[in-house]
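For reference, the structures are reproduced in the following blocks.
Heads up, the next two complexes both have chain A, just with different partners, chain B and then chain C.
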Partner chain A sequence: MTIHRNPVDDPGFERGLQKLTPERLSAVVHQVLDTEAAARLKIYLATCVHCGLCSEACHWYLSNRKDPEYSPVGKVKETMAKLVELRDTVTHDDLRAMARIAFTECNVCRRCSMYCPFGIDIAYLLLTIRRFCHLLGIVPLYLQDTVNSHSAAYNQMWVGQNDWIDTLLWQEEEAQSEVPSAAIPLEREGADIMYSVIAPEPKILAQLIGNMAQIMAVAGMSWTMPATDGWDNSNMAMFSGDFEIMGRVERLHWDTALRLKVKRVVMGECGHAFRGSAYDGPKWLGWLHPPIPMVHAVDFYHELITSGRIRIAKKIKGPITLQEPCNIVRGLGLGEKLRFLMNAVCEDFRDVEPNREHNYCCAAGGGVINCGPIWKAERVRGNKEKAKQLAATGATTVITPCHNCHSGIEDIVGHYKLGMHVKFFSDLLLEAMEIPDELRG
Partner chain B sequence: MAIDTAVLTSWDWHPAERTIADLTSLAETLGTIVETAWSEDGEHVAVVGRQDDEYRLGRETGALDTVFEKLRQVRFTPDNRVFGLAKLDDAWTVVFDQEPWEERFDFAWNPVLSADGSTVAVQITRDNQCSVAVNGTPWEESFTALRELAISADGKTVAATVQTTALKEADVPGFFAGTWTIAVNGTPWEARFINTWGVCVHPANGSVAAEVRHLDQTYGIAENAKAWEQRFGCVWEPLFHPAYDRVLAPVRLGGMWTLAENGQPLWKGRYHQLWRVAAPAGNNRFAAVVAHDFGRWTVAVDDAPWPIGFSDLVLTPCFSPSGERVAAVFRDAGTWGIVVDGKPWDHRFAMAWDPLFSPGGREVLARVEVEDGVTLALDGTLWSARFDTLAPPCFDPAGERVLVRGMRRGHCIRQVVDLKTLRG
Partner chain C sequence: MYEFVTGPLALAAILIFFFGSAGRIAAMLLLAKKDKVVYPYLNLHYGLRSLFHWVLPFGARNMRMHPFFTVFSFLFHIGVLALPLFLRAHLVMWERATGLTAPALPEALADTLTVIVLLVCFFFLLRRIVSPEVRYVTTAGDYLLLLLVAAPFITGFLATHQWTEYRPALLFHVLLAELLLVLLPFTRISHMLFFPLTRMYMGAEFGAVRHSKDW
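Up next is the complex of A and B:
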């Protein structure tokens, strides 16, 4: 079947294809299909009856006029089913199509698995194709560059160690302009919490770190941040199929927390980073679960408000809606806590429909937005459904407690002219929380 | 590195408790105390105070005069000098007892001190190039990036992971052509790799080893610029045996981990994970943390895993001075503990730090956090004293007393206690 999609040339695909030898292809097919994937893959493929019930679950399918080529089962048919059938006789065109589908047309959000009568983890099948492509060197250029950054700099945006520390010192000063006693304690061994973030924060959204310094000061928390690598909890290697780099990144993140002797890691507002730190990374490293608790920012804010450590002084006016990160709502079940937070700080929270674990992905997650500007137009087209969903709320602000969601929703808001501001929850909390007079200095 | 016996003997081991510094009083002149550091002998304390936008160094005797724009990561050398990273006139440098190095940098970070206290090396940037300054003198070579630093015990060898070629945005082919290597005392190895990590220096002879990712994306170990011939699915950082000319590293073979030497598997065991390798100065042994069942963690000594396993983690094994005994921190079902020679102490803790054997290897001491504070536990028995924080404890040369350096209600307390007192 020919894939009827707008042509997109990704130099990352051609780089691998040019160097590909039949021997390498044969070896990688064997490695992936016969050793790494093995029984789980066979069971999934043997169980699927091609009923198509997964189709309506996929935002790509819904946004592309219900073209069956974009249905999860259709994507599996053109990728894993084809690979299992053809093995090392797949052509370069087959490989191009597989890479495009697996990397850029599936957010591995796992909504389809909820609608599969057998609960087949379809995202796993597409991730296994990504693993296959990674081993062949056929990876979208910008995603590979992000993974290279992870491998060399232990963060996803080539942030230098000097820039990291300097940014924290700067954001400490910024926080102190609002709350003079605020601090960003670096390398404080024995603190209760290590706070970890993802690289866009020091690189382009440094104020979010300053936000957290104020929140921690008001809440009176014992916390620290590392002045070494290991501060970035994100992991695009998990999505490129480079599990060796994925494991390395996660190991350093956890080793940094263990070196600082903290009781738990609290992470900023990001969805995939929770998945990498709490599930995929630890499993590859031999852990059944993270070595110490990992707390997502949404969970943490909920704890601060319900415990009375943070009090809400005034609610935010205006209609506000919500984008729910798949990895912490469908994956972790934080939907109710997220709604508690929204209602705690918003006068007019407009819920989306469908919501909670049934919500749609932002279309940026799963490494798709990291495939870069080459794929932006396709990605935005692939989530028209999300634009419709958000527009129906009539909200003028959308909260996205995840960096991938944030960037993806900003693109959709711009393209579909939704007229919304896109904010993180900490932006709202900072506006709404009470800062006691004694802390204002 | 263990503190020299002659140095230890010169310390005050009279059983007594003394207040070395009152932080509340120091804060009156220094402002908010943002850092505190202990000297090894417990006789001195250094603090960093912040008042408005000014930082000053304080000692137990009071505030010192020099004002810095920033001052951070202060520590003592073994001979009781204080050094730290300071920002002066919008440039960074290292200060020793308020005296800055002459050289100034756009940024300076990650100071490492040689075990003998003779050398401080620090990562620096100038004009967007990275390098290392050693005792105030920058390397002649500078690099696009420089991320890890290691130093020999005598300070004569400083090694770093460096990127030697600048790449444009998203230059994936350029990256995979190999831009990373190891620089030793400023001179990069000839070979280039996709990545280099885990650089380490032999504590005695200055040999350098590191993890490398080869240009074919396989993994290996390189020692003194020469890579092991064998390639692996993955490796972790190598370790030099402190007393023997051996370098070992965890390697991944067929999806399982083992310990290798010079490219060949040294251990027969295959594990779901193997890392945190340790070796004693006292004998020719190795220990590592392993997952012999998926999600169950223990220590393997010379390839023999302890029968006991823990659900959450085990930290790097600690040997007795002779190398005969091994202890480690573990976490199991959410609580922390100490396991010695495969047998866990009965007590569980809110946190536990690395255990320490007495010089004769009979006793095991550990800092632990319990409900009402931080204390010491000796052979599993909790000491009755409580502190807000504790620096690492130290045995006297005879193994009869312990030096305690702790903070309690704003007071820095030096205390020498005998083992009988610790046992209650």
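Up next is the complex of A and C:
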């Protein structure tokens, strides 16, 4: 069996291991295995017949020459199965390996649950290992930094309130250069929609906020954005295992929407943020559903186009393909609507195979890209399968309606020299939509 | 000896199997209350929808990706479930004990199924040795289990066809079958008990919560 993992030293692991005491280890093993995890952990471990049928579900396995260590059940063997067997006799080397596998070699994309005949939730098992590692203080350095930012600044990228408001005003002006009546209404209580974004938008991709301002203006929607904390819908704590902070982040986001008395929250093109706001966050807070409906951008664009609020003036030329974000396709069933959108604005949409629920993850999601540049080479190597899949379409542009997908696919396009442009759907929509003359002023 | 093994011992094995199975399922259902999400997420419609796809041959993409495995596995499972229940020799014993009767499998079919079960056991064994992804996660227990499953079928076949001395073969067959029955709820074969639970939960989570499907 070839084990060709390259050694990677993450200071976050070493720092945690240095401070770890045997007492703490025992206490955390007990807390996670006996108190927090219950029937799902037990039934999954008891039921797995070690048949290996989940292997081909995982892009890590496919991309690493079918090395069994990267198969879903192979990862469980080295992590949860080992932990349940050894409990507090695990060594530091075991812990290092567990943290590496759980944080950096699984995107918790849940594709394997659709390939295991029993529907075993391997992503849950590996998230539980992340929880365990978090409680031990063994978390990738970069990922922990984003969690610290969530904790201190209530957003993922240390964006201060001044910068936030400033960015919105700037993007309002940008939008007005195309659609003079465009506005980004701050703190408008009782608007129909609160629009929330993830912190990389104001920090590095501000034009996406301007894009949405144009779309909202053309569609004539009643909307608002908060000027206070609570505007960030991203949640890296969900992926680091710090569920306490995950809960705080989600509570503030929903409290902000409730304070603004909106009818629904529309969010930008991001996958994990939907998962955090609509599923994992509410789950932790003891809510079956979020208090007000959460609408993903893809769903929202679909509504705007089918209701005629946005009209397509000209279709985009050239072969264009799609990266389907796990959290809105496998996680929200938006596969059909995505295809409707792609066909509505593209002349030559090239579908991927396999697709919809069976899409391959971008290998950036699930917090993996947030583990930082030290892990980038491994991550990109772990998704050769995606490069093959995209190359087979012959497209020159790939649409990624998710921030993690966007960054992950850019890395893959670069490394495997696919020669594709990587764009968000709103970039296409802006090019294709009709801006009525009366709005041009 | 034979009377004892097919009488009180058989009854004990059956009781252990039943109460052991019921106990394990009940314990799991009780424990699931601690998993805050399990019961709120359950949904009968979506649960059954998923179960249906996964008990149907080729009902899921993964089954279509492994056609040989799928056919072998289905034949194997039909065999291990149908043979113990509907073999003429077994039905006669049931009738003697309870007065209940049922249509028996024709001899030729029963023989074919037995051979298939054994061949597929051998196929499972080969897979475990040859396929890297299966070998990597295989434990000694997995081999032992395959042996344990195959044993009653081998001895049963030998006894029926009297290729060896009838009495000892039959005695071994009954003892091994009872051993399997007793161990069933407490080994990986408990996947038989848990399959509907795990599959239906995942089906419900994919269907009702995530508006998606899991096959």
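Quick note on the criterion: the second predicted complex is superposed on the first by the 437 of 441 C-alpha atoms of A that agree within 3 Å, B and C clash if a C-alpha of one lies under 4 Å from a C-alpha of the other, contacts with A are read in each partner's own complex, and residues count from 1 in each chain.
Heads up, the rule we're going with is that a residue touches a chain if its C-beta (ideal position, glycine included) is under 8 Å from a C-beta of that chain, and two chains touch if they have at least 3 such contacts.
Predicted model only: the values in this text are computed from it and were never measured.
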{"item": "First, second, both or neither for A:286, with chain B first and chain C second", "value": "both"}
{"item": "First, second, both or neither for A:319, with chain B first and chain C second", "value": "neither"}
{"item": "Contacts of A:61 with chain B and chain C, given as first, second, both or neither", "value": "second"}
{"item": "Partner chain(s) touched by A:183 [first = chain B, second = chain C, both, neither]", "value": "first"}
{"item": "Touching partner for A:258 - first (chain B), second (chain C), both, neither", "value": "first"}
{"item": "Touched partner set for A:50, first chain B, second chain C, both or neither", "value": "second"}
{"item": "Contacts of A:117 with chain B and chain C, given as first, second, both or neither", "value": "second"}
{"item": "Touched partner set for A:358, first chain B, second chain C, both or neither", "value": "second"}
{"item": "Residues of chain A at both interfaces, chain B in one complex, chain C in the other", "value": "286, 288"}
{"item": "Chain A contact footprint on chain B (complex, rising order)", "value": "32, 34, 53, 70, 72-73, 106-107, 109-110, 123, 125, 130, 145, 147, 163, 169-173, 175, 180, 194-195, 197, 213, 219, 233-234, 255, 271-273, 275, 291, 294-295, 297, 311-313, 315, 331, 350-351, 353, 369, 374, 389"}
{"item": "Chain A residues touching chain B - in the complex, by the definition given at the top", "value": "11-12, 15, 35-36, 141-142, 144-145, 148, 151-154, 160-162, 165-166, 169, 173, 181, 183, 185-187, 190, 227-229, 244, 247-248, 251, 258, 261, 263, 285-289, 291-292, 372"}
{"item": "Footprint of chain A on chain C - complex, ascending", "value": "28-29, 31-38, 40, 50, 54, 60-62, 65-66, 69, 131-139, 142, 188, 190-191, 194-195, 197-199, 201-203, 206, 209-215"}
{"item": "Contact footprint of chain C on chain A as seen in their complex", "value": "1, 37-40, 42-44, 46-53, 55-57, 61, 66, 68-69, 71, 73-74, 77, 113-115, 117-121, 279, 283, 286, 288, 329-333, 354, 357-358"}
